[in-house]
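Report on one structure; see the data block that follows.
For clarity, chains are labelled A, B and C in written order, and residue numbers in each chain start from 1.
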Amino acid sequence: MNDFVLNIDGYEGPIEVLLDLAKKQKVDLKHISILELADQYSNFVKDKIKNTNLTTVADFLVIASWLTYLKSRLLLPEKKNNEIPASTLAENLREQLIKLDEMRKAGTKILSRPQLNKDFFKNGLEKNTFIETKYTFDCSLYDLLKNIVDVDTRKKIKNFKLNLKKMYSVEEALQNLKKVFELNNDEWISLDSLVKNNETDNLIRKSFTASHFTASLELVKKGDVNIRQHAAFAPIYLKKRAVKK
Amino acid sequence: MINDKNNCLKIIEAILFANSDLVDEKDLIKNIPRNFDLKKLLKELKEFYKSRGINIYNVKSKWGFRTSPDMSNFLKIEKNLKRKLSKAAVETLAIIAYYQPVTKGEIEKVRARNISQGTVDILIERGWVELKGRRKTPGKPLTWGTTDKFLEHFNLTDLKELPTIKEINQLGIEKK
Amino acid sequence: MINDKNNCLKIIEAILFANSDLVDEKDLIKNIPRNFDLKKLLKELKEFYKSRGINIYNVKSKWGFRTSPDMSNFLKIEKNLKRKLSKAAVETLAIIAYYQPVTKGEIEKVRARNISQGTVDILIERGWVELKGRRKTPGKPLTWGTTDKFLEHFNLTDLKELPTIKEINQLGIEKK
């Protein structure tokens, strides 16, 4: 359903992997070694991702290459330029992992609370006689936004279809060519001459030419028509083939 | 812990409360240790709630909570239940909010289907949309727009606070 | 007869009992004589039911009866169990709960990747999070926050009842 959710060993994303690996270092997250983490992570990626489709692991690989870059910068003497110092990047990563760890614990804590309809219950009564129920219609901002997106999308699709209608399909071109050859069966006709002179829209002219060209190749294949062109980009001529007795 | 009388009473209270129908003694007894006399516990509870706003009530062997009968005069409480707007109404509201002032014809064009008067009526009744005067184009069609009550309901101080369609897409709200 | 405190308590009990949804103080107050302090009465009732099988519980100014959470083992009434939340959804919920009002960008800063569409949608569908308007900073980003339904679902009367991050971290250390 969702292309972005990847389950490798139950992980939903690289940051979760990083957090678990960092915890394996068995030190306070504040003091984890980013160098070690980079190695741990690249081993994880090598190990788990070997047989997985490349496009689905893009997220994991991006982090892997970033970590390799960070590692190399941490190992080399820092250059004096405008780049953010590697030590700051490492510190940011530590902080992020700490925050994620906190939020994971907080989430577990929330979910471990008593939950309505699981651990505690409302009154089972559905209706009560002395309550006069008045219905008011309700709509949340989210409902509203969801629907405007929906309308907007539909509008776009509709416009797109409208444009399509003007295009010529190969089927139409075949019908058209058949009519032309019913009336004219012994002269070479240029493909360009079939385009309506009053058609000024360039896109439609192109569509007409393309579909009629494809259709004429189809007729040639079937043996109904001969086709001829003197040179590349020269006009293309068509002529009905005489019916053999 | 379950072997304490107070706990048995608590269990019975919770079960009676959570069930809309009366609960039979044979279903209650499953949750009570054997050394307790269920009938006695139930009578004790009934006594406890006798003078309160909710009473314990039974029909033969079936038990439940009910509001006290003498409370009925005070219970003319008006309950406001919220009912979801229909898809057509939400869409119409969204179009009015985003394209106002907008004519009925324009709404129909965007929705690619007719809107019934009922749909607009619901929005008017709710106080979210109103007539905004006539457009100065041929035919002088009436236009619709949203009200201050609309802003209030959606916790907006200004129409400018509505997210743009681009922003909504970035929020990752699911498109159908 | 209504001018007696016990009667006021009875009326409140009956009303709270008769509504399976929480009842707002402003609806309760209509049924109570002016010379009574509703808040005080509600607190008294809450205290009275504290150690029973059903408790009085509130989310901000809304009140109701709920079975006591300690009774959950005896109440295996099977209501449709919802699908388990993904780790990503739980983390996102925690971030929204603790850092609200929080922007999508801020959530992503902790989670390090785009929050997938589905994640927030699932939380919205459960009614636990909602849009909370724009931040008054440059760019005026939209923010997310938790709802009263979130509080109600997790038996919280107020966001302050959530353990602080410091407390959570200490819990983690204890485990080791």
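In the analysis below, a residue touches a chain if its C-beta (ideal position, glycine included) is under 8 Å from a C-beta of that chain, and two chains touch if they have at least 3 such contacts.
Since this is a predicted model, take the numbers as computed values, not measurements.
**Q** What pair of chains is linked by the most C-beta contacts?
**A** Answer by contact count: the chains A-C.
**Q** What is the chain whose Cα centroid lies farthest from the Cα centroid of chain C?
**A** Result for the farthest chain: A.
**Q** How many angstrom between the C-alpha centroids of chain B and chain A?
**A** That gives a centre separation of 37 Å.
**Q** Hey, how far is the Cα centre of chain B from the one of chain C, in Å?
**A** 16
**Q** Provide the list of chain C residues touching at least two other chains, using ranges where the numbers run on.
**A** Within chain C, the residues that touch at least two other chains are 17-19, 65, 67-68, 71, 75, 77, 114, 116-118, 131.
**Q** Please output the residue numbers of chain A that touch at least 2 other chains, ranges allowed.
**A** Each of 121-126, 128, 130-131, 141-142, 145 in chain A touches at least two other chains.
**Q** Under the definition above, what is the set of chain B residues touching chain C in their complex?
**A** 6, 9-15, 17-19, 31, 51-54, 65, 67-68, 71, 74-75, 77-79, 155-156, 161, 163, 167, 170-174
**Q** Where on chain C does chain A make contact in their complex?
**A** Contact set of chain C toward chain A: 17-21, 64-69, 71-72, 75, 77, 79, 81, 85-88, 90-91, 93-95, 97-98, 109-114, 116-118, 124, 130-131, 152-156, 162-163, 165, 168-169, 171-172.
**Q** Mind pulling up the chain A residues that touch chain B in the complex?
**A** 121-126, 128, 130-139, 141-155, 158
**Q** Any idea which chain A residues touch chain C in the complex?
**A** 1-2, 4-5, 12-16, 59, 96, 99-111, 113-126, 128, 130-131, 140-142, 145
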